[in-house]
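Same chain, two partners: chain A is paired with chain B first, then with chain C.
Coming up: the complex of A and B.
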């Protein structure tokens, strides 16, 4: 049922995306490019928070690593653009692997705070490593090329950006249907139960962090295809929170939710870019409102496939249950 | 650097560190009491503190009130705001079955809303600071130079902390708050009204943040983005073990002194990144913090 709706929605999206370059102006194409980057970022965070349940707050750092790596390689050697994107993805993945090692030692708030600290430290690196990132003056990215074909405008970059986003969407869905996806969700529900079932929890957590960082790195590479400038200011905690909001308001644990959230919040943040104070106020109230009235987000994730949590038994009910099952339990003991 | 210089820097660093550290300690205590009783890391801590500073600025610069009236109004205003947030928003999140992630995001929502509201007020357009509460005449201790204002900051912060410890140890409401922190279900069974206690804890935390804001705003320039300072409070809370009140105080002083020493001996540029490095190192080597007791393992 919902599978059918998904298919219709996907087809509809494909049609719109294909028709768009023939009907829309440059700015609209730029915004759609940006939305595709947000979709990939949200999918990456979905893997680590939604699927694996690890509360990581350093996504913008990996995104930044992807942007600077891809941008630098592109500026220096002008290789075909996929080389620089893959390099950015790999470096981000390597860093993600290291941060995944942190995740093995801590959980919940400790993990959130240490990844937060890592993200802030990385932003500091972007700001202060003058010789590489050009620091607070911002970094210029020359147009990406593919065998001599230069992606000089948003419209020229557009098909490649959309195709990469579609590939990663396909990869995410395939991943969540694979055994690895089941292992991710087992770890999310309970480390210890997953371990008891024979899941290598440490390896799974590390994999989730690595993959998530790789997605963010690739998203950074996608950004270098159409954008010509990046400032470290936009690679801080704010951006991590923006992506987290997409995932959570969309619906934790749901790919549909991550995409819907990315599109909605990407649009809001772009449309309200000029009016910072209004953006912040609207943002704040959306966040509070959603958490108050729909904490599970727009699309609650896979609730149907999960067993309902054990209800706290009422005293009377539990006593009745205890008497009812007394004899077999006693005999078993 | 000669030995005499080093000795001078050490004295100055430690004493200035104790002053700024006392403000971080207050903010860390504000973070910890909320975390202990409601399990929520309050990501709006910095913004609540910032609003305290701006309420005081508004009353003094726009309304022209004297300090005597500004101080109580600011304290009460921030406490009410903070308590109301718990009562209206957070209780509603709990009622709709929100868990950790959702509660954190609700506090982030508050942070954004407060920042935006202060920005629209126009007061935040230029960095401002409050007129000094005490004279800024120099006071020389050993070879180090502090101001009277610094001494006042330190004295008030320490007094507030002592009052808090008194409250948590000897008063009914303080003990009820600790009981909720230890075991909410058991506390409710003994007749503690959880909703009310949680609201009072948030209000208390707001009050402490307002004290911190009133103390430090005459010394520094504030902008709507000053909430970043809460990162130092978090670092302090983590260094001390995020559930320990004495730990938060010790952590605050450690962070304050470390920050000043890094600034004097290494570079002012490194100050910004020092707290993050501190957070990561502490979490890696001693995740439960200095005074956090034994590490607990959750069982299924």
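Coming up: the complex of A and C.
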């Protein structure tokens, strides 16, 4: 995100976000709070799918872990809110680390299916662990506090939500420019070649899962800053798909794509809630439209967009040759 | 220089299920040499190569590099030991720029702590990489995605990326395959220079005899998983067993 347009867009966004509380109603602030949560969710999924190329379909589960952990800790002990948020982020990260083990054994559609199964299992846990989550009834959470200052409304929570989102955006950009970011992309492009560069592919995959889950957990904590009630309804596959849509339609592999996708689809899904029964249908048509007319997303990674078709057949075949045919003897990496 | 060989392969056997791909191969590569591994298709060259680079695990046998047993090493541990490799059918990071591809070569030495990992590659590394890319003729393509280079340049990029590792031992799997004559000549010059000026030891698997005969100090010939000959290009060229392996029985008679 180094070019001029990005800077101007960022500055513009900052101005709008700063001016908003003085000119908008509570509902608009609520929606922006929600959009900030979506931005963080999308950034987290961008790390694991966009940067590292690992198809993890369990993002809503980590989001839920963040929501419940932060909400429960808040209700039990009323610590400064950042403590509950960090706790939610850490627990989600720990779970992400464990689930990352799946990525060491499988790839592509198999990984997608198994992480999907994990996501579904977690929703079942949210729904049925009565003593902790109160099942489908959910529970009320008392306002988050910071040293006696209670965030009783959307407007009061707003600055904190925005600052957390901004911090994580900064972290994502820094990460993407770091050598760890390069290692993520190397694993995405060719894990065989990545190994030859000295990249510990397994460790990198696990790191990506862990970080991605931490982002989702923190997003859950952000949600508890302005929500007064939590229930498991929106923590299933639908939400994972919504976040996936943000990342893919925004432009897979690019930070600005993830943000644009989060803003656009967060807004669309919120607006469509008024349409009730038509919601899914309209949403489906919008999605199909994007896939037909902008298959690489609104902000496809610059390389992907500029690249003409390869002059010669590229590595796909060799990858198969190097991994599949002689796999029994391959060193366990 | 020490008395033991730089790269020492002893009794290497690789079995894929019931198929014996390599049967008790022993070979030594001397420091500073360009050593070629040749043989007809299916002779086990690439398998040997993949054992040395640790991508395959041998059924039995040992591999020693620079005095240390590397038989149990993982592929990602080789770069830090100073062993770089290229791939038979190219394994570039397609969507990444030429520069980022080559910069990843500096990863093993430049990102070996959490602090470094979380920072961009160091300025010296960037400079060195640009210099390397210039050396292989890619100075004008630094920001081009690797996948949109033509085939010859992709091969050169893979070589530059391997060199960015600062290897002591460079493993090249068919570097000349698919290259045009002019490109092979460039490769010839470059490899000779790497060996003589930079002191890099090279082990290459190659079918392009023009290159093999021109640059190799020593050649090991394999056929059906076994070593059938070894020596200088001149010795190997006139060895009847080699001629037989390539051209069939009777061809060596004349």
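As a convention for this text, the second predicted complex is superposed on the first by the 300 of 333 C-alpha atoms of A that agree within 3 Å, B and C clash if a C-alpha of one lies under 4 Å from a C-alpha of the other, contacts with A are read in each partner's own complex, and residues count from 1 in each chain.
Everything that follows uses one rule, which is that a contact is a pair of C-beta atoms (placed from the backbone, for glycine too) under 8 Å apart; a residue touches a chain by one contact, two chains touch by 3 or more.
None of the values given here were measured: they were computed from a predicted structure.
Once the two complexes are overlaid on the shared chain, A:114 sits against chain B while remaining clear of chain C.
In the overlay built on the shared chain, the residue A:12 is in contact with neither chain B nor chain C.
Once the two complexes are laid over each other on the shared chain, residue contacts for A:281 go to chain B alone; chain C is not touched. Of the two partner chains, both chain B and chain C are touched by A:192. In the superposition on chain A, A:178 contacts chain C only, with no contact to chain B.
In the superposition on chain A, A:293 contacts chain B only, with no contact to chain C. In the superposition on chain A, contact is made by A:201 with chain C only, not with chain B.
In the superposition on chain A, A:163 makes contact with neither chain B nor chain C. When the two complexes are superposed on chain A, the residues of chain A that touch both chain B and chain C are 190, 192-193. Residue ranges on chain C touching chain A, taken from their complex, read 14-17, 47, 50, 53-59, 74-80, 84-85, 87-97, 100, 103-105, 107-111, 116-121, 145, 147-151, 154, 161-162, 165. Interface residues of chain B facing chain A in the complex, by the touch rule stated above, are 35, 41, 89, 92-93, 96-106, 108-117, 119-120, 231, 234-235, 238, 242, 269, 272-273, 275-277, 279-280, 283-284, 287, 299-300. For chain A in complex with chain B, the residues that touch the partner chain are 49, 55, 102, 105-106, 108-110, 112-114, 117-118, 120-121, 124, 128, 190, 192-193, 241, 244-245, 248, 252, 276-296. Across the interface of their complex, chain C is touched by residues 174-175, 177-180, 182-183, 185-186, 189-190, 192-201, 253, 301, 303-304, 306-308, 310-312, 314-315, 317-319, 321-322, 326, 328-333 of chain A.
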